[in-house]
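Some structures to go through are shown next.
Across the two complexes that follow, subunit A remains constant while its partner is subunit B and subsequently subunit C.
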Partner chain A sequence: MTARATSRWILVALRAYPPAFRAQFGGDLARTLDDAWRARRGRLAARTAARLQLLATTVSSGLAERGVAVSRLTWRSHRPHLYEPAGRHASMWDSLRFDLAAAVRGLTSARAFTVLTVLALALGLGANSAVFSMVNGVLLRPLPYQDPDQLAMVWSENPRLANETNPISPANFDDFRRMSRSFESLDYALSFIVRVGIQGQEDQGVVQVLRVGPTLLPILGARMQLGRLMGPDERDVAVVSDRAWRTRFGADPAIIGRKIVLSGNESITIVGVAAPEFVFPLRDMLWQAGTTTPQVADLWIPMPMEGPRWVLRDGTLIRSTHALMAIGRLRPGATAAQASAELRAHAQTLADRYPDSNRGWSARVVGLHAQATGSMRVGLSALQGGALLLLLMAAVNVTNLVLARSIARQRELAVRSALGATARQLVRQALIESLLLAGLALGLSTVVGVWLLRALVALAPATVPRIADVGAGVETWAASAGLALAIGIALAIVPVWVAARTDVRGALQDGSRGAAGVSRSGGRLRTTLVVAEVALAVVITIQAGLLFRSFTSVVTTHPGFQTENLLTFQMTTPDRLTAVEAKRAFYDDWFARLSTLPGVTAAGGTTRIPLGSSSVTTSARVEGNTNAASSLPEVEFRRASSDYFRAMGMPIVKGRAFSPADRPTDPAVAVINETMARAVFPGVDPVGRRLQIGPDPTGAWITVVGVVGDIRHNSLEVAPPPEMYIDMRGNPPNGPFMAVRTAGDPLALVETIRGLAKSADATLVISDFRTMSDLRSAALAERRFVLTLVSGFGVLALLLAVVGVYGVLALVVAERTSEMGLRMALGAAPATVVRLVLRQALTLTAVGIGLGLVVAAGAAGVTRGVLVGVTAYDPLTYVSVPALLLAGAALAALVPARRAMKADPALALRV
Partner chain B sequence: MTTDRHRPERFLPLPPAWLDILLALCASDLHGYAVMQEVSRHAEAPLHPGTLYRALARLLESALIEELDERPRDGDDERRRYYRVTPLGRAVTRAEAARLTRVVARAQAANLIA
Partner chain C sequence: MSTGLTFTMRNQPRAGVAGAVPGFATVTLTPEPWRHYKVEVRSAPQTFSARVWPEGQWTPVVRDRTADRVVSGELVWRPPPCSVASAER
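Up next is the complex of A and B:
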């Protein structure tokens, strides 16, 4: 019988067996399988099934044999076997194990190299994984709502206002909801959180309430852990957040159905407790999130639009008060950009129909995720970029180390290839060694990363959205593993590159001379790497420098008031005070007693405390201006007591502050800031002029009695807008902020003030005691956080660059010792030799700096958004960073230069 | 040590496939496919080629069988390999058969079989 063609399928199935097995039995087995294959007879279906089974069993049997091969090679036995390493049939696994053992031996013998390499990479990887965990947790993770990608916010946009995202008025919202085709559903909430007390729990401070449209929580897909959501037509009910349920109500499982009475005698029934993960709103969804208190809703209470608050006398909804935030679910397939375009068209229709209130107002739709993470995006992206650059620098440094080691091992490589090692084997050996290094670094980096992440979260300001549940997850680890793998593979290129340039014969004859060729090209690669490293350091350090300059610029910004010795707190007046007269009398008495407390030098109140609360705007019409309401200037608006400006330390520039002599009712009086004086009364003295606020042209006239200095209200970083104050005695507020100027430590007065509140009225709620210094510090927290990290990166980058320069020069000097000695033997002064080394160091650094400056200038656009008070091309930064690096490089070069200077001419001449 | 490694009892009890293969080879030297056919004629369960060759590998490693250098028949497929049982293999087969006989005797004593 002659050889027959074997079925292709059998040959494929045979690949499941280890090569050594195939070498031994392959032909026979193929022949046998072939016979069995032909022996399967019968109908096509039966035959096919039988043959498939034959193949399947062959494959599984082959895989089982592979398992045997691996175990034979892993646990040595005395019994001779098919997979003997020395045999001709050594398997892939066997040589892998051999290479691994060689790599472990190599790395343990070069301990300093291994420790340095693993440490550098682990730090780089760890920093990256920590920052990535944070970026993932804050920016990338889906929002805690159902199908969050479909959710979007609708804002009013008015080119005349600085803010692109303004709340919507009730009537416009109602029209948008009816007209929009892009949204499947759309509902609203008030664009700010209010703080109220609970009757009987006055001593526990306030709860934060968000008034919502009745279907908003269902649109978000809020899940309840107890009870239910509010019904569409329900009033006077509330859903409690998990946090408030635990802290305020002791996690009472019987809370459903409980009645509570809020400040203002508002009685509500609790119908549900939201699941722990449901947090709404996140900071940036609220309007002008310029506050330093994390704004979290404790209670969601339905607020029907038909309530008296929004309905005008003629029964229509109000169109000029912008107070709502709108959130909706887009139809499947619709994007925020399409919805924006659609609503813009509707806004134009409305502007044509209602020019008085709507001219100039357009609409803007922003994806909810983009909205909620927007303010942190630039800062965190900068951090991630910095961390990646740092890792790159660590990798470059490590590449230099590997290069030096490979050159030192040329002889070994030459011997191996002379003994018959193939190029493939050398590549595999190099790959295994560098992957082992990367693997060790990855292992260590998980520890470093967890530790760094803990530090990052502790350092981060509490206002960063979702910071509390940032943690290292699988994604983070996968990203780190991917980076480590890439570095491992990249590092393997170096020894292979060196080997490819090694002249085997030369290296074997004389290690030091034969290596000269590689040394030269290795030196070239090394210098290139150092130049790259210096360039990267310049990029990182310039960013750090610019952030530092911005920070100092913000820190030194004068907020317009005295922040030292100033205590603030919020209070909610007793509910028994309903009549305006009663409230006024209460405040007169309260301020009289507060300001005469020992240690208090002045005390005032306002509805909006700077750096601690959001703000509201209104339109202002100067007497004689008959323009449509929509073209009137918008000004920020708050109420204040007569002593407020003195307590805050705000200078009265013109006229006077409020006085107890001012009649609380008509004609009301106002104090405006300097910006408003310039913007609304250009070229005229505003004192004594009259204006109206709001769209109603028949409203009361208010007389300007004084001009006060500008203050930074929402943020230290934003220039003050026009601002006006009216006397709070005209319409005394229920929840004002107090500002108390003290002679000594402000916090020492807290207990005294609590006592005063108790004695004034047992149902008076006071909360949120904070010094203005703390508010100011909190306003700087995010910037300080980013600055701290980026500076840390900058310092590390400088260090790495200097170490890199040092490493290269040390090697260069070591290689040129005999040359140096020769020069000195021939009469060169030691100073000449030092100059030689220094010149080389400074040339390298200067080239790196030049390159780095170009890259940094090109990347300037990336961080421009977070810079304040300094341009992206700040000359001071662009000069001082290179100077610092040059100085560092010169210092790094001094050590090898000294060594070169001491080169012994006699030693050099001895051959 | 060598003697210990080559004690026939060390291999007992034999895996059923090993015994089937050894029995077939004790009768005559055979190639793989012939072993399979021979085993299938006597055994209850058919022997799959994959299983057969893995067992042959183990038997070779244990020196219970060896590969024939010469080919008993000319004109056969070049790929075929012939196997022969070694003296050790024969001893092991005998020991296993004796063990099984004792098993059968015990089963008879327990009145499980006639």
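Up next is the complex of A and C:
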């Protein structure tokens, strides 16, 4: 056909149509009519008649169309005509709809690509959303208190002691409260939880009690669901937690005003039931929180600072006993750092004024949120970092897939462009397709995320703060949607980039020739992406490797006692035993009966069970040392029974353990650990030496009778501190822990011991039966949890990197089939071709590894804080991870290499 | 190098007009570098007015705008495609 002008008559007839109709269909209709006009052949009369009929039909159709338009205008129909301008938005919506439909068709036709892309992104997004939910729930969510950002804790700080967060003494607390201008209000609580029984509920075990200052709960903004808070001057009252109200009091709505009697004949009246969301303290607010016991308060009881425990004979508060945690509300505008600086200055004033007790002691203010979440911050941040890196790797892999697809679709893009598609339309189409992919991945990731989060919460140790409340919320979904949107936009850049580099002329003439230019730069991009992917895999896997090495180091750490066949539990002595002599007689009888139970080889008791309870320290003055109390060494202090060391399997290194022959009326005796022997008695034999504990220089002397091996008391990861034990018969405790060495399964003895307790005294409360193996396992739970997840990320990262290397090489081999065929036709051995492919794979991987090692070394500071027994530059990890990746890359390259080797030279040359 | 282009039409029937299946029409095209094309639809005036495009009663053609001539080849009606380079109208 040749160019021609449309018949004038046709153009005139078309004027019968409304202008809007002509604007939309005029061109196409004119061409159609013109073809019909010129198709009329034959005699003039017949031709004229046919053409007149054509004109008449056109005019009548046009007028009819006008009539419809007029009637629509008249009746104001809501249904628009196709040719009526539907408005800019409707037109844009139509275009979007068409692009969306085209994207759906395109993705449906490329099923493998779509499935792989959506799965990879959904896994990455799902992992991120699960970890983010946990980070949000544990770290970011506000604490369940009123204006929690204004709350802060005050700790004592002493550079001589390893722990920066020591409890505060009553006198120092009182001075800080008076002197501080940064705090609007400040109150205290005991820095540890005590476990007591409730009379009449002995069979239900103990409740956990936190003794608090009278205004502490109001400072926190505690809300009551029943009753009221305790008044400032009230004694012998309690607020009960929602959990205890439900489990111990059957959610009794009439509980307010009910009297209960705790161990020690302490009678209290319940005045309030806290709202369900009020949980205080969280584990890390307590001192020495490295314990595996759940630290949740069931009862809050007011504890005024009065009586001999807090007030000295001269009427002043005690300054040397550090036993309180202090929590306050900062004044508006004040920060924890400012408060810290202010209290440090006050601490210096107090140290100058009271050098005996305060020299060397300073103060430290920590935001309550930071304090409550501190122990999990590094671990969870590492997890979130790992999840983000994993998502980045998934995105890189997907980018490679999109790149390959875009190169394959160059001709289609060129045709679209030739048919009049504008650059904007092509970009929009690419954007819609990639956003659709990201949207599908987001949808699937919601399911994956919920599933993974459930698994995470199930795996997480109970000691993770607020783990029970972790759930996927709007914030998580918004974060995932933001990530998906960013990925969708980033992926759209790839086809646009390819289109911008496409040689349209070549693409239209010959697809492969047109692709050559893009293939070259696309190949470079693909290679860069895979190098980046390998580098990311190295970073993740090295972190996982370091954590694994650290974990094995902790697991293989000997705790200093025998964990196998050891049963532990806590007991609270009967309330009828008030006199020391009566308690002593009770314990003598109890241990005699306990140790002779069938299957028991030894039984002992202590006030602090290793890995399962908190610690307490005291200063120790060796005879002859006249230094001020504040410069005396602090040692951990426990009471223990005579057979405790044997039951625990702790070796007596020097001297002896306690003996039944040590009479309580004789001067007290002590057993110390090896670290204390080195630290307090350097270069001398401590056995037979005397020391005093506490700040009182007139206190009783205690004779060291033995040295016992070091044990890891607070944590498997912390070196043993100086420890001393005194014989518990001297001052029998009310709630000791028992250690029972058994010949067989420790748990098989639980019921026997319960029976023994019942027969000994019906009001004896025993609870918390756990094997020492379980305690040890629980002590590793947080580290195991982080390790499990980071290892999972590491394995996935390795797989993604290997798949990435495979993908690139498969494409390279496919593109170079002719070249390889030619090489073999010219006499190259198949092994040469294999070497060629392998060399390319290993070169790519080596470059990625080099880059990854540099980044991993730079990021060493992130994980240094959680590593134990291994350096952040552990040579074994830094060698084995690259070796593993190189081996994986070589394996990944073998498949395409074999394919290249088997290429039929003749066939390849024909392609 | 020849390319197949598949088209379909979207019905927007005028009041009182029944819909119909528009079908999928494939035409071949051998695009040449540096030329621009456009797609036209051929059909009876009544079809345009009704805005219903029954299969067989409309024809897509590709016009080379540079040379102003129809360059598309033979038309084939085919079942819904899996992969199309369509310019849906």
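Quick note on the criterion: the second predicted complex is superposed on the first by the 820 of 911 C-alpha atoms of A that agree within 3 Å, B and C clash if a C-alpha of one lies under 4 Å from a C-alpha of the other, contacts with A are read in each partner's own complex, and residues count from 1 in each chain.
Following the convention adopted for this analysis, a contact is a pair of C-beta atoms (placed from the backbone, for glycine too) under 8 Å apart; a residue touches a chain by one contact, two chains touch by 3 or more.
What you see is a predicted model, and the numbers here were worked out from it, not measured in a lab.
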Looking at the overlay, what does A:G420 touch: subunit B (first), subunit C (second), both, or neither?
-> second
Who contacts more of subunit A, subunit B or subunit C?
-> C
Just subunit B (first), just subunit C (second), both, or neither: which does A:G106 touch?
-> second
Touching A:F98 in the superposition: subunit B (first), subunit C (second), both, neither?
-> second
Which holds for A:R31: it touches subunit B only (first), subunit C only (second), both, or neither?
-> both
Answer with first, second, both or neither: which of subunit B and subunit C does A:R454 touch in the superposed model?
-> neither
Check whether A:R576 is in contact with subunit B, with subunit C, with both or with neither, and answer first, second, both or neither.
-> neither
First, second, both or neither for A:R411, with subunit B first and subunit C second | second
Contacts on subunit A seen with subunit B and repeated with subunit C across the two complexes = 1-3, 21, 25, 27-29, 31-33, 35, 57-58, 61-62, 64-65, 68, 79, 81-82
Mind pulling up the subunit B residues that touch subunit A in the complex?
-> 5, 31-33, 36, 48-54, 56-57, 60-62, 75-81
Touching subunit A in the complex: which residues of subunit C?
-> 1, 3, 5, 12, 14-15, 29, 31-46, 48-49, 51, 62, 67-70, 82-88
Contact footprint of subunit B on subunit A as seen in their complex | 1-4, 21, 24-25, 27-33, 35-36, 54, 57-58, 60-62, 64-65, 68, 78-82
Subunit A residues touching subunit C - in the complex, by the definition given at the top | 1-3, 21, 25, 27-29, 31-33, 35, 57-58, 61-62, 64-65, 68, 77, 79, 81-82, 98, 101-102, 105-106, 108-110, 411-412, 414-416, 418-420, 504-506, 508-511
